[in-house]
């Protein structure tokens, strides 16, 4: 009987204890798995979201995030200049504002209002029904939430009142036609968003500042890459701030996202300590209860290495069994925790806190393996240093 | 492995001293002893005289702190722990007072265990296990766990286990200590048979009746062999 | 030689006059407070004169004197950010940020903080302000944190983690108590054989369970207090903030003890009951 078979029989001998050990490891393993998912989940998700918009550079007036800093003056001309760079495929200027869509109730529906201008057919949203707006015409696209709350559909006429500054305003409502229903990548689950051309947005906001934008979004040429485009844009417009997707993600990582990484690190350390403690105690008690048997096996000729292998295999079985169970348990737990965290206001619907990557599984397995090894160290020490004769004597006396 | 004078074990002035907090304790002092193939030796003496310690030294479980111990001509004190383990596995069998059968294994699996550790092929060890259980009269209980066996049956399985790798020397420490007289008698008879079949046998015992079945009776006191009686 | 000395003396007096004038000028400058992070980042200290502008082209620059360095109020919403702040007197701020075309006195502020004589009047005061000043929202500050979205979500998140941890701990506890009770099976078996009723043995084991649970809970509390300090120190260092991340309040401690002790006792009773159901002879036999 090899060491693994022997270890299995030893565990099965105490089914309640072994089952609880496996369940304990499964529970902490699930938490460990989730913390590994959380440690990079938000960053991975945000990176994916940024890449799915089709743009890999963001140009702003300062190093503030788009929408949080001053506007870029002469945005339309600048976006056209950027679009002509050899390393750039397309560039659009984007302005963020707010609006009240006068439909769906006496007070209307408060929405985010985006205005876009620039070359290139690609807009940072996906048309679901109808069509995209035509530049120069008073047309808007709206998201599903807006459509549901206002009962608007492609072809509907609507009045909306824009608000483009922080100050209270009382601008006259402006008529628009809904050209299509779109999905905006950065929408929160209950968010309402509408979009039109930048000049139309400026019209809705009183007709001023028609050539200013919060951000110019740039898509680099496939062969050139983001780095080349960053250099070219920075050279062309040295007074502006250029951020690639990777740099944007780095900033998120260093900012608010870092809390989740820190907490995942703390909880990872706690769960690992817990697992090591649990398995160490289980194995140590098991070994201490079998000292006579172990001494007898040693007397019969079992080598030190063999009895060590038996103990180690027990650890592997408990941690391995628990580890296997921890994966589906962790997946379910992650779904639940993700649902909780996605309720943080302002989190886009397409962003997830827990994202699976193959490397997460590898790290999980590595950590569990280390747990099995570390947990077995103390009981292994007991069996390697076991005085055979003295133990046999003690067993008789006891 | 070469033999010296054909002896299984040759112990020359072996001692075992245990360092204790109150001062060193000499459990075995200056014992010289030879065990030949087929010997049937009983070691008796009062409690604490060093019988079990001497047995453990002879079985290469505990090395002597002084003296020379040769097993088939090889100096045991110069062997590594791994080498001593191999020696015990293949050439020495142990029977304990408390049986020490593994409770999660059946009788057959307990007997197979040392063979498996000695890398005996599966078919061969199954065959040998069957033979050994028949030898000790427990072929019908092969699939039973120790908890389902009586004390005498457990000791018989332990003897079968000790013989699993066909050792030249069988060491038994109070083999009938936990058994009633009748069962002890059965075990004694079995051990006699083992010895008659060629295995050297050394028994530590309090039981005079068991000791008198041996051809050599060593009496120990205070860690020394006081006397040796030889019967024809 | 004498003329050289006179020239030197005149130069010294001139320098002293200039220095004095500069100091006097600095003293007349409006004062500001700067955040510790800004002070450390820009190597500024009390008494330094700084120039501030509200526009990115650096126009409309004004000079201020650093009157002090302050520690920003820890803001969880700005975790990880380096708080580079300047606190000005409101007229100075309005003067700095007002558009030249906008007449003085027509500016607005976002928030007015009010400290009441009796903080318990906060709710009533808020209602009063809202009633008397339409378009103005007044909220008691103590309720703000409780109602802010991210913190509600984070509280739920931490609660979910805590529940999983309690489940894992319970499993661990049950495993330990089973081992603990199992170690004494022979003694329990003998007690059964000599005639002690199950209830009597169970009571003894129950009391042991209570003792272990109480001692364990106290130890756990002590451990949590130590951890609280370590975690707070680590995160405060990591984020350069005075925010408190972990706080073991009396309520939290009470809830933990209220969960831990019954769990510990229950685990002992469950493990013991499973053992006591077996035959005494089987228990006593090794």
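We call the chains A, B and C, going by the order they appear; numbering starts again at 1 in every chain.
FYI, a residue touches a chain if its C-beta (ideal position, glycine included) is under 8 Å from a C-beta of that chain, and two chains touch if they have at least 3 such contacts.
Treat the numbers as computed from the prediction; the structure is a model and nothing was measured.
*Asks:* Connecting every touching chain pair, does the picture come out as line, ring, star, complete or other?
*Replies:* Contact map by chain: line.
*Asks:* By mean C-alpha coordinates, which chain is most distant from chain C?
*Replies:* B
*Asks:* Between chain A and chain B, tell me the centre distance in angstrom, where each centre is the average of that chain's C-alpha atoms.
*Replies:* 65
*Asks:* I'd like the Å distance between the centres of chain A and chain C, where a centre is the mean of that chain's Cα atoms.
*Replies:* Roughly 25 Å, centre to centre.
*Asks:* Just give me the whole-number Å value for how far the CA centre of chain B lies from that of chain C.
*Replies:* Spacing between the chain centres: roughly 69 Å.
*Asks:* Going by the contact rule at the top, pick out the chain A residues touching chain B in the complex.
*Replies:* Going through chain A, the ones touching chain B are 1-2, 9-10, 12-13, 292-293, 295-306, 388-389, 392-393, 395-396.
*Asks:* Given the complex with chain A, which residues does chain C contribute to the contact?
*Replies:* Residues of chain C touching chain A: 56, 79-81, 108, 149-150, 152-154, 156-157, 160-161, 164-165, 167-169, 171-172, 174-176, 178-179, 182-183, 231, 235, 238, 274.
*Asks:* Along chain B, where are the residues that touch chain A in the complex?
*Replies:* Touch list, chain B to chain A: 52-53, 56, 59, 61-62, 81-82, 85-90, 92-94, 96-98, 100, 102-105, 109, 112-114, 116-118, 161-162, 165, 173-174, 177.
*Asks:* Which of the residues in chain A end up touching chain C in this complex?
*Replies:* Against chain C, chain A makes touches at 14, 16-17, 20-21, 23-24, 27-28, 30-31, 61-62, 70, 167, 254-256, 258-259, 262, 266-267, 270-271, 274, 277-278, 281-282, 285, 289, 333, 336-337, 340-341, 343-345.
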